[in-house]
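Just below sit the structures, each encoded as C-alpha cells.
Here chain A shows up in two complexes: once beside chain B, once beside chain C.
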Partner chain A sequence: MSEFLQHLVNMLVLGGTYALLGIGLTLIFGIMNVVNFTHGVLYTLGAYVMFIVVQELGLNFFLALPVAIVVGWALGAIIELTMLRPLRDSDIDTTMLVMIGAWIAMQSGTLWIWGGVAKSVATPFPEQPLVLGPVSVSWLRLFVLAAAALLIVVTYFLINRTKLGGAMRATFQDHDTASLMGVNVDLINTSTFAVGSSLAAAAGALLGPVYVIFPQMGDLAAVKAFAIVILGGLGNITGAVLGGFILALAEELGAGYVSSGYRDAMGFLIIIAVLIVKPTGLFARSERVG
Partner chain B sequence: MRLTATLLTVAALASVPLWLHDPYLMNALITTGIFIIGAMSLNLLLGFTGQLSLGHVAFFGIGAYVSALTSLGFDVGLPGGFRIVHEPWPPVVGFGLAIVAAGLCGYFIGRLSFRVRGAYFVIVTISFAEVVRLVALNWVELTQGPLALNNIPSIALPVPEFGELVLRTKLHNYYLVLTVAVIAFVLIARLVRSHYGRAMRGLMENETLAVSVGVDATRTLTLAAVISAGIAGAAGSLYAHYIRIIDPEVFAFINTVTMVIMVISGGKGSLAGPVVGGLVFGLMPVFLRSILAPEAQWIAYGSVLIIILFLLPQGIVPSLAQLLSKRRGKKAVPKTVVFGRRAKGPA
Partner chain C sequence: MRSTVGRVSMIALALALLSGTVGAETIKIGVNEPMTGAFAASGTYVVNGAKIAADEINAKGGILGKQIELVIEDNKSNPTEAAAVAEKLITRDKVPVMMGAWGSSLTLAVMPKLMEYETPMVVETSSSGKITTSGNPFIFRISPPSAIEAVAFKGIVDKLNLKKADFLVINNDWGRGTAEDFGMMFKEKGIVVGLVETMDQGAQDMSAQLSKIKGSDSETLIVTTAVDQLTLIFKQATALGLKKRIITTGGSQNPDQIIAQAGAAANGTMHLTTFLPWFPEKTPNPKATEYFISEWRKRGFDFAGCTESFRGYDGIRTAAAAIEKAGRAEPAAIKAAMWSIDVKGLNGDIIFKKSGPEGKESGQSQPNVYLIEINDGKIGMKTL
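On to the complex of A and B.
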C-alpha cells in the first residue's frame, strides 16, 4: 500500500509537467491545425535556459523559470512569424514537414552549441526528502508540482477569463466567423504558438533539474505530448490536463508493477487500449471527415 | 511517354555501378534505395488514401527483425516453461516471412485505427512503433536488446544447376535493392490505377460521397495499410541482410521522419515523388559531409527541407510537372488535391 501511495505522489509530480506539455500542444493543434514538431525542442531549450541561468550565469534558481517562459514565448513567436504565417493556407502535411525541418535544425543547433554530454543543474533545495508517513518526496519535486499547478491555473484563467482567451476560443470554433467578428486571426495564431511554446519551455525548465539535460531529451517528451493530446481530445484543455495525469499514472504503475524497461510503453499501450474500447478517445469529440 | 521515362530511369539507375566505383557512394545509394522502398510504401498510404503513418518504421523494423531472426535462429523461453527453438532457415524465407509479418501488423493497426478518422491513425502508428522499439530493447533473450543481432547472413538466391548465389558485395545488393524497388513501384502503380486505387482516392477526396456509392471505407483503407506495411517489411528485410547487424535503433523515430520527408518533398500522391525526394534527401547528407562540419550538416538538412517546402509546396515532382506544362504552353495541370486540412468553417 505504501508503495502504491509513493507511486501516486510521483504521478502527481510527473503528471503536472506532462499536463503543461499537453496543454501547449493541444492549443496549437486545436487553434492552428498545426502538428507542432518543434514542441519537443522548446522543451529541451527550456531546460537549457535553466542550465545557463543557474550553472553558467550563477543566478538564482527561481529566476530561471520565468526566463525560460519568456525565451520560449519569444522563440514560439519567431517560429510562427517566419515559418507558419507565410504558409497559413497550406495543407497540414506541409506545415508539419516545415515543423519537422525546424525541429531537426534546432536540435542539431542545440547539439552544436552545448554538445551531447548530459548536463545537470544544482538546486537550492535540501538533499533530505520530505517524509510524510509512508511516502517521501524531494523538495525539488514538490516545487515542480507547485509550479506546474500554478502555470496550469494561469493558463486556464488566460483561456477562459481574458479577452485574448475569448478570441482564441472563437478562432478555435470557427476561424472564418471569428475573423468576420473582428478577431485578428494572425495575432491569435502568433499568440497561441507563443503561449504553447512557453508552456513547453516551462515544462523543460521544471523537469530538467529533476533528470539530466541533453539535446535529445525533447523527442520522447514530444511523442508523449502527442499521446496526451489524443487522449484528452484535440483542443480540449481539461482533457489535456487529465490526459497528462493518466499517462503519468500509467507510467508509474507500469514501471512499478510490470517492468521499468516498459515504462515508456505504458502510455502507448493505454492509447491502443482506449482505441479498442472507446475509439473516440477518453474525452474527445468523435471526429469524422466529410 | 510516361513508360519511356520510367524505363529510361531504370536503365540509368541500372548503369550506375558500371561507372561508379566509390564504395562509400555505393553504400549511400544502397541504403537510400532501401529507404526509398519504405518511402514508396508510405506514399501509398499518405498520398493515395490521405492517412499519415508516423510509425512506419515499425513495419520496416519488424521486417528487419523477423528476417534476421528467421535466418539466425533463436531459442526463447515463454511463461509456463515452454521453449521455442528455431533452427536457422535460408534468408530468402526470412524475406518472405518479413513481408507476411509486417503485413499482418498493418492489418491489425488498420482494423484498430480506421474506425475513427482524424489524427488517430497517426497516434496509433507512433504508439505502435514506440512499443515495438521497447520490446526489441527489453526482450533480450530474443533480440539481444541493445547488444544487437550480429552476423546476419546475406541473402542467397537459389540458381538452378549452380547451387546458390550469395548476394554479399555492394554490387549484388545494389541490383537486389533496385529489383525490389522496381517490383514495389510496379505493384503500387498497378494498385492505384485499379478500382481499389480509385476507391482510395475517392475516400481521400470525399469520404461521405465515396461511401454513398458503395466503397467499403474500412476495408479499402485496411488493404492499403496491409500492402504498405508489407512493402515496408520487405525494405526492412533488405536492410537487415545488407547491413548484417541490427539493434533497436532501427525503430528510431528519425527513420520514419526520413521517409515522410522523402514522400512530401518529392510529392505525395505522385508515383515518382518518393523516388525523387528520396534521392535528394537520401544523398544530401553525403554531399553535406564533404562541405560542412558534422554539427552543421543537419542544420543545413533541416533548412533545405524548409526552403524546398516554401518554394515547391506541393513537392518537387508535381511542382516541376506544372512548370513544364506551363512552359509548353499547355493548360496548367490541375492543382493536386489538397487534403488532410480539416476545414473548420465552410471550406
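On to the complex of A and C.
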C-alpha cells in the first residue's frame, strides 16, 4: 500500500510537468497545425538558461524562471518570423522538414556551446525530502508542481478568457475570416508560437534542476509532449493537462507493477489504444465535419 | 561550361591524389566513439585520451618510422551508426585497426563488420560478456567484462556482509549482462538476488523503479549505468528516502562528476572502478599514470574525465604496439601481433588471453578492479 501511495505521489509530480510540456505543444501543433520539432530544443534551452542564470551568473534561482520564459518567447518569435512566416502557404511536409532542420541545428548548437557533459543546477531547497508517513517527496519537486500548476492556469485563462486568446482561436479556425474581422493574423501567428515556445522553455527551466542538463534532454521530452497532445486531443488545453497526468500514471504503474523495461512503452501503448478507439483524442469535443 | 566542369574535376583529382600521398606517410587508426547522443560526454573523454596517446607516440617519432593519424568518427551513441562508422573507416579510410565503440550495444553492432572486412578492433570500454565469448577473433578487449568485475567483487562481498541485493541496470547488453554475471556470483556466495529493475538508456526519471526498490527487503542496491543516470538515481533515491547501500559497477561512474552534481546524495555510495587517478601511486604503472594525468591537466580538460579517458589512451597505445610488432600496417598482421604485445597500461599490463569458442577466440586482458567509496564529498579507497 505504501508503495502504491508513493507511486501516486510520483505520478502527481511527474504529471504536472508533462502537462506543462503538453499545453505548450498543443498550442503550436494542435492550434497552429505546425509539427513543431523545435519544442524539445526549446525545452533544453530553457534548462540552459536556468544553468546560466544560477550557476554562471550566480543570480537568484527564482529569477531564472521568468528569464527562461522570456528567452523562450523571444526564440519562438524568431523561429516563427524567420522560418514559418515565409512558409505560411507551403504544405505541411515542407514545414516539417524545415522544423526538423531547425531542431538538429539548434541541438548541435547547444552541444557546441556547452559540450556533452551534463550540467546540474544548485537549488535553494533542502536536500532532505518532505516525509509524510510512508511517502516522501523532494521540496524541489513540490515547487515544480506548484509552478507548473500556476503556468497551466495562466495559459488556460490566456487562451480562453482574453481577447488575444479569442483572436488566436479565431485565426486558426478560419484564417481569412479572422483577417476580415480585423485580426492581425501575422501577429497572432507569431504570438501563438512564442507563447507555446515560452511554455516549453519554462518546463525545461523547471525540470533542468530536477534532472541534469544536457543537449539531448529535450528529445524524450518532445516525444512525450507529442504523445500527450495526441492523447488529449489537438489544441485542447484541458485535454493536454489530463493527458499529462494519464501518461505519468501509466508510466508509474507500468514500471511499478508490470515491468520497468517497458516504462516508456506504456504511454505509447495507451496512445495506440486511443488512436484506435477515439482518433481525435480522449477529450476532443465532437467536431463538425465539412 | 564544359571547360569549367573539366577544370573542377582536374582539381578534385589532383586533390585526391595529393591527399592520397599525404595519407601514405601516416598510419591510420580508426576511432569509433559516441561524441553526440546519450554517451557524448564519455565518448569525448575517450577521444581526448586517444589524442594524448597519438601525440605522445608521434612526439617520440611515431611507429615504423611513420606518424600515426587518428581518424575519429562519431557513432552518435547509436548502434546502427556505429556499424556504419566502422564500415566507413575500413572501406573509405582504409584503417588497418580500430578502437571502439564505448557502449556494449555499439560494439556488438560493429562486430559483424569486423568479421566481414577482417579488421581487428581494440575494445576500450564495453563490458558485456558476449563481446569476447561469441567467437569473434577480431576483438581485443582491454576493459573488464562484467564477469571479471563480478569475480573481483567476489573477494570483497564477504567483508561487505551482503545478504540480499536488488539490481537497477540500464536496459541494454551492458546492464542486463551485469545483472546476469553478478547475479550468478551472488548465488554462488549464498546472497539472495531480489528485484532486477531496468531503465531506458535516455530515461531521466527513475522514481518508479526506486519506489519499488524502496519497498523491498534488500539491504543493498547494485546499479549499473553511465554517470548521468547515476547522478539522477542518487538524487531521486534521496528524495524518496531510499536508505539502502548503493554499489555501482561498470567503470563509467566518473565519481568526481557524481560528487559535483549529486552533492550530499552521493555520500555513502560505493563504486567498482577500473582506474585510480586520485591515487596514482597505487596504480600498477604509477609513472605512466602520472604522465597521463599531467598531460590531461595541461590540455585544460576536466579532471573528472580521467576515469573515462585513460581507456582511450591505453586503447591507442595497444593498437600502436600491435602495429609496431606486426612490422606493417596491415589488418591480418596486426591481428596476429595483438597476441604477443605487452603494454604497460594505466590499469595493469595489457596482455591478451584467449576467450570464447576454440579456434575463433577473442583477446581479453585482465585489468584491475577497485572499490572506492564517497564520503563527505571525497573519494577514498574502501578499506576492508
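Please note the rule applied: the second predicted complex is superposed on the first by the 279 of 290 C-alpha atoms of A that agree within 3 Å, B and C clash if a C-alpha of one lies under 4 Å from a C-alpha of the other, contacts with A are read in each partner's own complex, and residues count from 1 in each chain.
Note that in this section a contact is a pair of C-beta atoms (placed from the backbone, for glycine too) under 8 Å apart; a residue touches a chain by one contact, two chains touch by 3 or more.
All values reported here derive from a predicted model rather than from experimental measurement.
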Three-chain arrangement built on chain A, chain B and chain C clash or fit: clash
Partner chain(s) touched by A:P215 [first = chain B, second = chain C, both, neither]: second
Touching partner for A:L111 - first (chain B), second (chain C), both, neither: both
First (chain B), second (chain C), both or neither touched by A:A227: first
Partner chain in contact with A:D91 - chain B first, chain C second, else both or neither: first
Contacts of A:D264 with chain B and chain C, given as first, second, both or neither: both
Touched partner set for A:I272, first chain B, second chain C, both or neither: first
Chain B versus chain C, judged by how many residues of chain A each one touches: B
Which superposed partner A:S136 touches (first chain B, second chain C, both, neither): second
Partner chain in contact with A:L150 - chain B first, chain C second, else both or neither: neither
First, second, both or neither for A:S2, with chain B first and chain C second: second
Shared contact residues on chain A - chain B and chain C: 108, 111, 219, 259, 261, 264
Chain C residues touching chain A - in the complex, by the definition given at the top: 35-38, 40-41, 43-44, 171, 197-200, 202-205, 207-209, 211-212, 214-215, 227-228, 231-232, 238-241, 257, 260-265, 302, 305
Partner chain A, residues of chain B touching it in the complex: 46, 52, 112-113, 115-120, 122-124, 126-128, 130-131, 134-135, 137-138, 206-209, 253, 257, 260-261, 264-265, 268, 295-299, 301-306, 309-310, 313, 338-342, 344-346
Sites on chain A touched by chain C in the complex: 2-3, 6-7, 10, 14, 108, 111, 115-120, 122, 127-129, 131, 136-138, 140-141, 211-212, 214-217, 219-220, 251-252, 254-256, 259-261, 263-264
Contact footprint of chain B on chain A as seen in their complex: 29, 33, 35, 83, 86-87, 90-94, 97-98, 100-109, 111-112, 172-177, 219, 223, 226-227, 230, 234, 259, 261-262, 264-265, 267-269, 271-272, 275-276, 279-281, 286-290
